[in-house]
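Here come two complexes built around subunit A, the first alongside subunit B, the second alongside subunit C.
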Partner chain A sequence: MATQAEIFRIDGVSKSYGGVKALDGVTLEAGVNEYLSLLGPSGSGKTTLLRVIAGFEAPDSGRVFFQGRDVTHLPAHERGIGFVFQNFALFPHLTVRQNVAFGMANGVEKVAEAEIAERTQSVIDMVGLTGMEDRGVEQISGGQRQRVALARTLVMHPKLVLLDEPLGALDANLRGRMRNELRAIRERMGVTFLHVTGSETEALAMGDRVVVLDRGQIIQSGTPDDVYSTPASPAVAHFLNRFNLFEGSLSGGNFTGPFGAVAAPTARRASEDVYAIRYDRVRVVPAASKVTGPALTARYVASEYLGSSVMNFFETADGKVVEVEHHLSLGAPETYEARQNYLLTWEPDQAIVFGREGK
Partner chain B sequence: MTDVTVASKRRGSTWLILPGVVWMALFMVVPILMICYVSFWTQTTFNISPTPTLASWKQFFSSDTYTGALWTTVRIWLIVLAMTFIIGYPTALFVGLFVKSKTLSTVLLVICVIPFWTSFLIRVLAWRPMLGKEGAINIILQKLHIISQPIEVLLFTELSVVIGMTQIYCVFMVGPIAFMLGRIDRNIIEAARDLGAGFGRIFWKIIFPLSLPGVVVGAIFVSVMVLGEFATSGALSGRKVNLLGNIIVTQVGSLKWAMASVTGVILTVVMGMVIAAFLRIVDLKQEL
Partner chain C sequence: MESRVLKPILAVYVVAFILFLYGPFFVLTIISFQQGPDGGPQFPITEWSLYWYKQIFGLTPPSRIAPLPVGEALVRSLILAFMTMVTATVLGVMSAQAFRRKFRGSTFVFYMIVLGMMVPGVLTGLGTSLLANNVIGITRHWYTTAFATHVAYTYPFAFLVMLAILNRFDASVEEAAWSLGVKPWTTFRKVTFPLIFPGVLSAMLFAFTLSLDEFPRSLFAAGGSEDQTLPLAIYGTFSVEIHPNIFAFGVLTTLFSFALLSVYGILMAMSVRRARKLAMQEDIA
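Showing the complex of A and B:
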C-alpha cells in the first residue's frame, strides 16, 4: 500500500478533553482506493480521530493532510471528506431524494439543477433505493436509512469517506449484508474508506488494512492476516478476542505459566510477560493423559454452539476461563462431562509469547 | 387478547376524559354559547332583555370607536408578535443550540422566567417609572447629554404598550423554540457541514425548518395572550390605546352586557382564525 499515492495523512495528532488524552501523537496515512478499518475498544479515541480528520474537532497539536494539502485549520464544510454517522444523522424533515441532494444543492460549489437530479437518481439506484425517492426518512427501515446516509455522502464524490461504526445500529442479519454491500460500493466508486469499529470480526472482514487503536495510540497496523496471526502486543491479542491470554514470567527463553514451563524461543518484546494461544489451537484430552509440553488442568463449564464451530468453556483452579473452539469441519464435537476436570494442551510453537526479554 | 376485553378496556379508559369534558363544557362551551346568545339581546340604558335584535352588532360595525379598537388590536398583535419573534428567536437559538451544557441552558431558561416571580400588574406598572417623562431612560439619556429634552413618546403611547407587551410575552416565544432547537440531533448539523453547507445554509435548510413547530407554538401562546390583553394597554397607554379587551372591560363596567358580548364573540372568532392559520403551517400532531 505504501507504493500507492496517499490520500490522507495525519501527523502526530494529539487531542485532550479536560486533561484526558483522547489521542496521543497519532500518525496514520491511507492510500488512494484503500479500505482501512480502525479497531479499538470504546474510549480508545477512534471516534475522536475521525472527527479530527473530518474537521469537527481541531487537534491540540499535529497536522492533518488531505490530498497533499494541509487542512488542519480548514473548516469541515470546505474539506470535501465524507462522513457517515453511527446514527445516520439523516435530515428528518426531508425525503430520501432531498437528503441525497442536500450536499449538491447547498454545498460550497454550485451544481446545476439537471446535474443534481441526475447524480441523485444514479446514486439512489446504486444503493438500491429506487422507488423510495419520495419517502420521508422516518418511514423507511434501518437498513434503508443506512443506504441513504451512504448515498448522501457518496453523491458528493468524496475521495475519502469516514464511517463511524456504520453497522452498529443494524441488527446482525442486516449487518452481514451491509458489509458485503459496503465493500462492493467502495470498489465501484474507487474511494478510500476509513471504517471505525469496535468489532474485531468487522475490522478483520472489511479492511485491506487494520489499524488497532488503544488509549489514543496506534498499537498495530497491518493486513487482517498480519494482525490476526501475529498481534503486536498483548493488548491487540486481547481486542481480537481470539486468544486465551495467560500471565506468567519469561526468562531464559522459557515461559512459566499456570500450564508449566514451556520453551518460548520466539518471544516478542512487550511491557509485560503474556502467553497467548488461539482458541482453536487448544486440544482437550482426558485428565489422566500424559502430555509433553504445556498442560493445564481445567474444569469443563459449558459450551456454545456457533454454527460452524463449538466454543467450549473451561475453568482453571484459580477461576480463569479458558475458551476452546472446535471447528465442526474437523469432525463432530466431543462431548464433555460437566464439572469434570480435563487437560488442556497445545503445540508450543503455535503460541504467541510476549515478554520483557523478547526481541 | 380477545375483542371483548379490548372493547371493555377501551370503554373503561373512556371514563378518564370525563372530568375534562365536564370541566370544558361547564366553563368553556356553555359560556361561549351564552355570550353568543346575549350578543343578540336588546340593551336599553339601564336594562337588558332577551328580545332578539341585531342592534348591538350593527352598532359595533358602524362605530369608529369599536372597529378602530378591532384594527388597533390586530395591529398591536402583529407588531408584538413580530417583536417577540425577532428578539426571541436569537435568544432561543443561543439557549437551545449554542449553549452546549444542558445545565447552563436550563439555568438560562429559568432566568428568562424570573420576571414572572412578581405579579403581572407590578411588571406592567414598573414600566411607568422606566419610560416616563422623568423616568429612568430619559434621566440617563439626559445625564449622558445624548438628548436635551425628555422623549415624551416613550410613555402613554402605542409604543409603550408594544414595549411592555413584548417584554412580558417574549419568554413564551423563547421557551417553545428553545425546546425544539434543543431536540435537534447535533450530528445532523455536523452532517450538513460535512456535506459542504455553510452556516447560513444550515440555518435556513435544517435548523429553522426543524424549529418551526416551536415557532408556531410560541406564536400561538403570544397571540392568544396579546389578543385578549387589556391590562398592559390600560396601564401604559393612559387609556389612549383601546384594544378589544379594554372595550369589554368598559362595557361590562357600565353593565352594557350585549355590547360586551358582541365584542367577546368577535375577539373569540379572531383568535380562532389566528390559531387555525398557525396550525396550518405545521402539523403539530406529527412534530411534537
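Showing the complex of A and C:
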C-alpha cells in the first residue's frame, strides 16, 4: 500500500453534530487506483467521512488532502471528487443523456459540444445503457438508475470516486451483478474508489483494503483476508457477522467461558475479555458425547437454508443464540430435533481470543 | 352508528357553507343582467339584458349614469399586482432558501417576515402614509408606498409556501451537481429551480391575487385620485349610488380570476403528474 502514490489523505479529522462526535480524529489515506471499502454500522460516521472528503461538510478539525493539495476549505464543486449517492440523486427533470452530460455542460470548465456528445455516448455505452439515452430517469429501473449515477460521475474523469452505500437500494440479485460491474469499470478507468457500506460481505468482496469504522474511529484497516481471519477487536469480529462471541475471563493463558476453561495461548490485547469462534468452525455432536476441549450444551431452535450452506441456530441455557454454519460442499446437512439439547464443540486453536491480558 | 348521524349533519353543513360562499356571487351575477339604464340593484330583476356589460365597454348611448371610472385603475392594479408578484416571489424564494440552514437569529427573522401578514392592514397603511408624509416627506403613489405595503403583505405568503416546498426538497441532487463541478448558482438555476417550480407558481398566484384585491393598505398608502387602484375606484363609486354596472364588472373580474386559476391548475397538474409518475416508477423499481 505504501508503495503506491497517494491520491488522498485525511489527517486527524473530527466532526461533531450538536455535541455528538461523528468523526473522532480519523486519519486515512488511499493510493492511486486503489479500491478501499469502508465498513461500519449505521451511526459509525462513515457517511460523514465521505461528506467531509467530498466537501459537503467542513471538518471541525483536521485536514483533507487530495492529490497532494490541502482542500480542507475548498468548496465541493472545485474539488473534482466524484460522489455516488445511495438514493442515486439523479436529476429527475432530465433524460439519461442530459444527466450524464450535466457536469460537462454546466461545469466551470467549458467543454466543446462535440466532445460532450462523444464522451457522454462512450460512457453510456460502457455502463450498458445504449438505447436508453432519451428516456427520463423515472422511466428506467433501479439498476439502470445506478448506472446513470455512475456514468454521470465517471464521465468527468475524477481521480477519486466516493460511493455512499451505492448498492443499498438494489435488490440482492442486482447487487451481486453490480458488484462485479463496479469492479470491472473501476479497473478499466484506473480511478480510486472509496466505497462505504454497512454490509460486511460487500466490504470483504469489493475492497483491495477494508477499513472498519466504529463510533467515529478507525478500528482496523487491512486486506479483506486480514480483517476476516484476524479481526483486531471484539467490535470488528462483531461487525463481520461471522463469529459467535462469548464473554468470559482470560487469566493465566486460559479463557473461562460458558463452554468451560480453554487454553488461549495466542490471546490478543483488548479492553474486554471475549472469545470468538467462526460460525463454520463449530461442530454439533449428540448431547451425551464425550468431548475434549470446549463443550457447550445448547438447544436446537431452527435452521435457515442459504443456498451454499445451512445456518443452524442453537440456544444456550442462559438464552444466548449460537450460530453454526454447515457448508453444503462438505456433505448433506444433518437434521436436528427441535428443542433437543446438543453439544457444541470446536478446535480451540481456531478460536480468536481477546483479553486484557493479551499481547 | 356514529357516521349515520354525523354524516348527514356534515353534509348539510357543507351545503350551507357552499351556499353562503357562492350565494352572494349568484345574486350579483343575476342582478348584473338587469335591464338598463333605469333598472337598479333590486331583486328579482325586472327584465334580462346585457345593457350593463355593454356600458362597461362604452357600447351604450350616453345616459345619466356615468360609466364606471375603472379603466385606468384596472391597469394600475394589474401592473401593481404584477410588480408585487415578481418582488414578493423573488424575496420569498431567496429567503426560504436562506432558511434551509439554521443561522443565528433565524427565529427572529422568521417572525419579522411573517409579521407582514399578521399586522392589520389598516395599521400598515396608516403607518406607511404617516411615515411617507410626516417623517420622510415623500409623495404617496400606488407604485411607491402602496407597492411597499403590498410587498410587505404578500412576501410572507410567498415565503411560507417556498419554505414548505424546500422543506421537502432532497438536497442530495444539489450536492450531486456540485460534485460534478457545477457552481452553486448554476446548480440553483439548472437543478433546484426547475424542481421547486410548482411551489414558485403557487407563491406567484398568492402574491398576485392578494395584491389585486388589496384594500386597507392601498386606502392609506396609495395617495390621491390619480393613484387609485381598482378596489379603491370601485369603493369610490359606492359613495354616490349603486348601479348594476358594478355587478357586471364584478362578474367579469371573477371570470378573469377563474381563468387565472385554471392556468395555474393546468400548469400544476402537469408538474404533479410528472412527480406522480416518478413516485410510481420508484415503487415499481
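The rule is simple: the second predicted complex is superposed on the first by the 359 of 359 C-alpha atoms of A that agree within 3 Å, B and C clash if a C-alpha of one lies under 4 Å from a C-alpha of the other, contacts with A are read in each partner's own complex, and residues count from 1 in each chain.
As a working rule, a residue touches a chain if its C-beta (ideal position, glycine included) is under 8 Å from a C-beta of that chain, and two chains touch if they have at least 3 such contacts.
These figures come from a predicted structure and were not determined experimentally.
Asks: Check subunit A with both subunit B and subunit C modelled on it and let me know: fit or clash.
Replies: Superposition result for subunit B and subunit C: clash.
Asks: May I ask you to decide whether A:Leu194 touches subunit B, subunit C, both, or neither, giving the answer as first, second, both or neither?
Replies: neither
Asks: Which of the two partners, first being subunit B and second being subunit C, lies in contact with A:Ala54: first, second, both, or neither?
Replies: Both partners, subunit B and subunit C.
Asks: Between subunit B and subunit C, whom does A:Asn106 touch in the aligned arrangement: first, second, both, or neither?
Replies: both
Asks: Have a look at where A:Ala237 lands relative to subunit B and subunit C in the superposition and call it first, second, both or neither.
Replies: neither
Asks: Under the stated touch criterion, name the partner, subunit B or subunit C, that contacts more residues in subunit A.
Replies: Of subunit B and subunit C, C contacts more residues of subunit A.
Asks: Is A:Asn87 in contact with subunit B, with subunit C, with both, or with neither (first, second, both, neither)?
Replies: In the superposition, A:Asn87 contacts both subunit B and subunit C.
Asks: Which partner does A:Arg152 reach: the first (subunit B), the second (subunit C), both, or neither?
Replies: Both partners, subunit B and subunit C.
Asks: Shared contact residues on subunit A, subunit B side and subunit C side combined as an intersection?
Replies: Overlap of subunit B and subunit C footprints on subunit A: residues 54, 56, 75-78, 80-83, 85, 87, 89-93, 102-103, 106-109, 152-153, 156.
Asks: In the complex of these two chains, what residues of subunit A are touching subunit C?
Replies: Interface residues on the subunit A side: 54-56, 75-83, 85, 87, 89-93, 102-103, 106-109, 138-142, 145, 149, 152-153, 156.
Asks: Across the complex, what residues on subunit A touch subunit B?
Replies: 54, 56, 75-78, 80-83, 85, 87, 89-93, 102-103, 106-109, 152-153, 156
Asks: So in the complex, the part of subunit C that touches subunit A is made up of which residues?
Replies: Checking each residue of subunit C against subunit A gives 170, 172-173, 175-184, 186-187, 190-191, 194-195, 274, 277-278, 281-282, 285.
Asks: Would you mind writing out the residues of subunit B in touch with subunit A in their complex?
Replies: 185, 187-188, 190-198, 201-202, 205-206, 209-210
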